[in-house]
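Input: structures, listed below.
Shared chain: subunit A. Partners: subunit B in the first complex, subunit C in the second.
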Partner chain A sequence: MNKDTIFELIVKHTREVIPELEGHAFSRTDALKELGANSVDRAEIVQLTLEALSLDVPKIELFGAQNIDQLVDLFYEKL
Partner chain B sequence: MNVGIEAMNVFGGTAYLDVMKLARHRRLDTARFENLLMKQKTVALPYEDPVTFAVNAAKPVIDSLTPAEKDRIELLITCTESGVDFGKSMSTYVHHYLGLNRNCRLFEIKQACYSGTAGFQMAVNFILGQASPGAKALVVATDISRFMVVEAGEAIMEDWSFAEPSGGAGAVAILVSDRPHVFQVDVGANGYYGFEVMDTCRPVPDSEAGDADLSLMSYLDCCERAFGEYQKRVTGVSYKDTFQYLTFHTPFGGMVKGAHRTMMRKVVKATPPEIEADFSLRVTPGLTYCQRVGNIMGGTVFMSLASTIDNGVYNAPKRIGQFSYGSGCCSEFYSGVVSAEGQQRQKQFSIERGLSSRYELSMDEYDALLLGNGAVRFGTRNVTLDTQIVPRAWDVTRNKKVLYLKQIHEFHRKYEWSA
Partner chain C sequence: MKSYDHQELVITGIGITTAVGQGKEAVTNALLEGCHAFRIMERPGRQEASAFIGAEIDGLIYPPDISKKTLRTASYAAEVALVTLHEAWEDAQLQHVDPTRVGLIIGGSNVQQRDHTMLQDNYRGRTQFIRPTYGLSFMDSDLCGLCTEQFGIRGLAHTVGGASASGQLAILSAIQAVLSGEVDVCIAIGSLMDLSYWEFHGLRALGAMGTTKFADNPTEACRPFDREHDGFIYGECCGALVIERSSFASQRHASLYAGIAGWGMTMDANRNPNPSLEGECTVIRKALNKAGLLPKDIDYINPHGTGSLIGDEIELEAIQTCNLSHAYMNTTKSIFGHGLTGAGAVELIATILQMETGMLHPSRNLINPIVPGMNWVKEQAIAHPVHYALSLSFGFGGINTAICLQR
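Now for the complex of A and B:
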């Protein structure tokens, strides 16, 4: 599993949670908050990505990312 | 032996704010805001404090008892994160204004929004312990939102988007005894889970701080792990089939919806349409009161329980699974059984009618209160409260028999009944 795959998973789940972003061209420096995801949306995106990666780690360990790139790194460290 | 809730009442204040109007006023993204499932929130007026909320919640419960029954209350616990003194517990004021027997233990418990559950479990164990057979315990979870969030710092965000519309004020009074007419506890069926995390807190007087994302993730972690522990301890438990209703600590409905969705997907492997139908059936009865009062911290999970009892269908006894979470953090999943008799008994408290009789604050009136107009700060030594700060709200108070804060004299709070 490389970081690009994790990035694609996050994008996929962000689009699932916020369908309005279907046509958005995601970049690594996008912040979920700036894309209109509120706290509940962000937690759901993290949860869906965890499940897709079959990871069973506390969600609080995936807290603190300022943009999608940093979130990718947090997931990558847990693999 | 049987143990649980003999009677319970919710007091949701005398004034409220329409949260959608607030969202527009603050220019929040209202499209996504609707998913948060918030409607109204109670706003504490300057002459309402956690003591008045507590007494106003408990008074109808006490009034429903005979003098002999009332005298058997031997334990009174206030559960709060809005204390008015570091030493003297609010239970002493509550005890006084309710006129309870002096042979009674009085103290206060704190663990953020878990406090109500902490107090309740202590009371349940007091009854089960049988050190004083036939005794009753009164647990009152009472909280108000502080005036403003602390200024943003290195690690703390000033995120008004959730904190302001969700923070309410209110109290739930719970009479615990060996006559659990309203909610019979499943003894020993408890999954608790806690650890140190700095998600939300009250590190300074009259203010709150924290991070909504961290708190939400901690809540979700606990929801899963507390239930996992419950499942280990109780044979044959199914998240889907064992509980006919689920109540949650409800900071706002959208958070509960997210937690329920996660649990149903992970634990039950349900599909999105199944999850949606299950949410409507098992969870929404408990949201009704929470959507009108907002987050009342320690009492919220019991407000959700009261809502589930009043708005559920009890053609047969039903088991309710209850999840409690308090930042910091500690959490617990536990359960009990409610029957038609319990629902019928609870009607005497007309909780819905109480909420409907509150005064709707205008945005100008609310903003003036938020700026601290007339507010009683922690540590106030002397003050006489102005009941005319929102004259039309006082008219509502005057028409009910409720306790209000009249004066503080040398730190001692003096309360009066409005009618």
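Now for the complex of A and C:
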């Protein structure tokens, strides 16, 4: 699993949680909050990505990312 | 239509979603034509070693202004509440009312059981991946959250639970919210009660729900007050009613459907599902007294009549005891099925639609009434102007409610 694949998973789940972003061209520097994801939306995106990766880690360890790139790094470290 | 005293309560908007139609026009036509949608239920989570009969909504239509994001995590009961409220909201033109003066009462508790069962089945053994939104949505108050967010309601909102009387109980609570002055307008919703196979097995084991007697002919299973009845048949439905004082409605030039003349609630001090003649008579008299009406004034009764053996029998005895045998009666549940928490609201709306059209809808499968001497509307709709109507709802746990409408 490389970082590009994790990024694509996060994008897929962000579009699932916020269907209005279907046409948005995601970049690594996008921040979920600025894209309109509230705290519950962000928790959903993280959980859906964890499920897709079959990764069982405490959610607290995935907090603190300021943008999607940092979130990708947090996931990558747990693999 | 009569003119209302400025203090009187009136209904200024309705929304209705049933298995035979969505929206008041479609539902009015379906009622008058005696349509039905009874079959072996197919919605996921409804059957487990069973072939339960019921009426399910086919192809819910979503207004475009309810976003996909909102709908993604809403339970089916919440989706139906949103679209039904949307109809009532537009109907009553509530976008022009101060949102801090608008309230919402949702009738029903444990209304999302099928969604919960499916989610729990899906995540059994891998609970670490359960959706965070389940932490919100497992509570029925999530319906209040979703609806108030969608429509910007800022007055009050909460749920009330009264089993199969929940819809009417929501209306009674909305009446109190308006009378107390807490809000100017209050919407009452009788929620769709989305049951899973667990609840259906329980209700059948309890003897409340229809048996397998009509397994080979589901269209004949729902037959309240008929000699062949053997329990209620479920039907998905949700109703929303907008309630306000006549003075406020007139000030904002709202259209009026009907006045709420009287109402009542009594308890039987009985946890069980069996009805009480005394309780039913008391609540009928309470509603009539509140309305200042005599039994002879009532033109039409929309009974609770679920199809249960003892329930149907006791209700007719109560109507006779209260000297109401002259009033026309039909059975809306024979068309919609029993919506449980939704029933009281959709049946009051069915009453209003009949008052509006001056037509009483037929009763399906009412071939040989258990009490033939009542003024039944049987296989054909009939023209009959209704000035005063009485609608009844009863719930497990000894709950009795009644509402009198005038037009």
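As a convention for this text, the second predicted complex is superposed on the first by the 79 of 79 C-alpha atoms of A that agree within 3 Å, B and C clash if a C-alpha of one lies under 4 Å from a C-alpha of the other, contacts with A are read in each partner's own complex, and residues count from 1 in each chain.
Here, a residue touches a chain if its C-beta (ideal position, glycine included) is under 8 Å from a C-beta of that chain, and two chains touch if they have at least 3 such contacts.
For clarity, every value in this text was computed on a predicted model and none was experimentally measured.
**Q** Overlaying on subunit A: subunit B and subunit C, fit or clash?
**A** In the arrangement built by aligning on subunit A, the partners subunit C and subunit B clash.
**Q** Once the structures are superposed on A, label A:Glu51 by its partner contacts, choosing first (subunit B), second (subunit C), both or neither.
**A** both
**Q** Using the superposition on chain A described above, determine whether A:Pro19 touches subunit B (first), subunit C (second), both, or neither.
**A** In the superposition, A:Pro19 contacts subunit C only.
**Q** Name the contact category of A:Ala43: first (subunit B only), second (subunit C only), both, or neither.
**A** both
**Q** Check the residue A:Leu62 against both partner chains and state whether it touches subunit B (first), subunit C (second), both, or neither.
**A** The answer is first: A:Leu62 touches subunit B but not subunit C.
**Q** From the options 3-11, 21-29 or 111-119, pick the one stretch of subunit C whose C-alpha atoms clash with subunit B.
**A** Superposition on chain A puts subunit B right on top of 111-119.
**Q** Could you list which residues of subunit A make contact with subunit B in one structure and with subunit C in the other?
**A** In subunit A, positions 40, 43-44, 47, 51 sit in both the subunit B and subunit C interfaces.
**Q** Which of the residues in subunit A end up touching subunit B in this complex?
**A** 36, 38-44, 46-47, 51, 58-60, 62-63
**Q** Quick check on the complex: what are the subunit B residues that touch subunit A?
**A** Per the stated touch rule, the residues are 29, 32-33, 35-36, 159, 161-162, 197, 211-214, 216-218, 220-221, 254-255, 257-258, 261-262, 265-266.
**Q** Can you tell me which positions in subunit C touch subunit A when the two form their complex?
**A** Contacts found on subunit C: 67-69, 72-73, 128-133, 136.
**Q** Using the touch definition from the top, list the residues of subunit A that touch subunit C in their complex.
**A** My answer: residues 16-20, 40, 43-44, 47-48, 50-51, 56.
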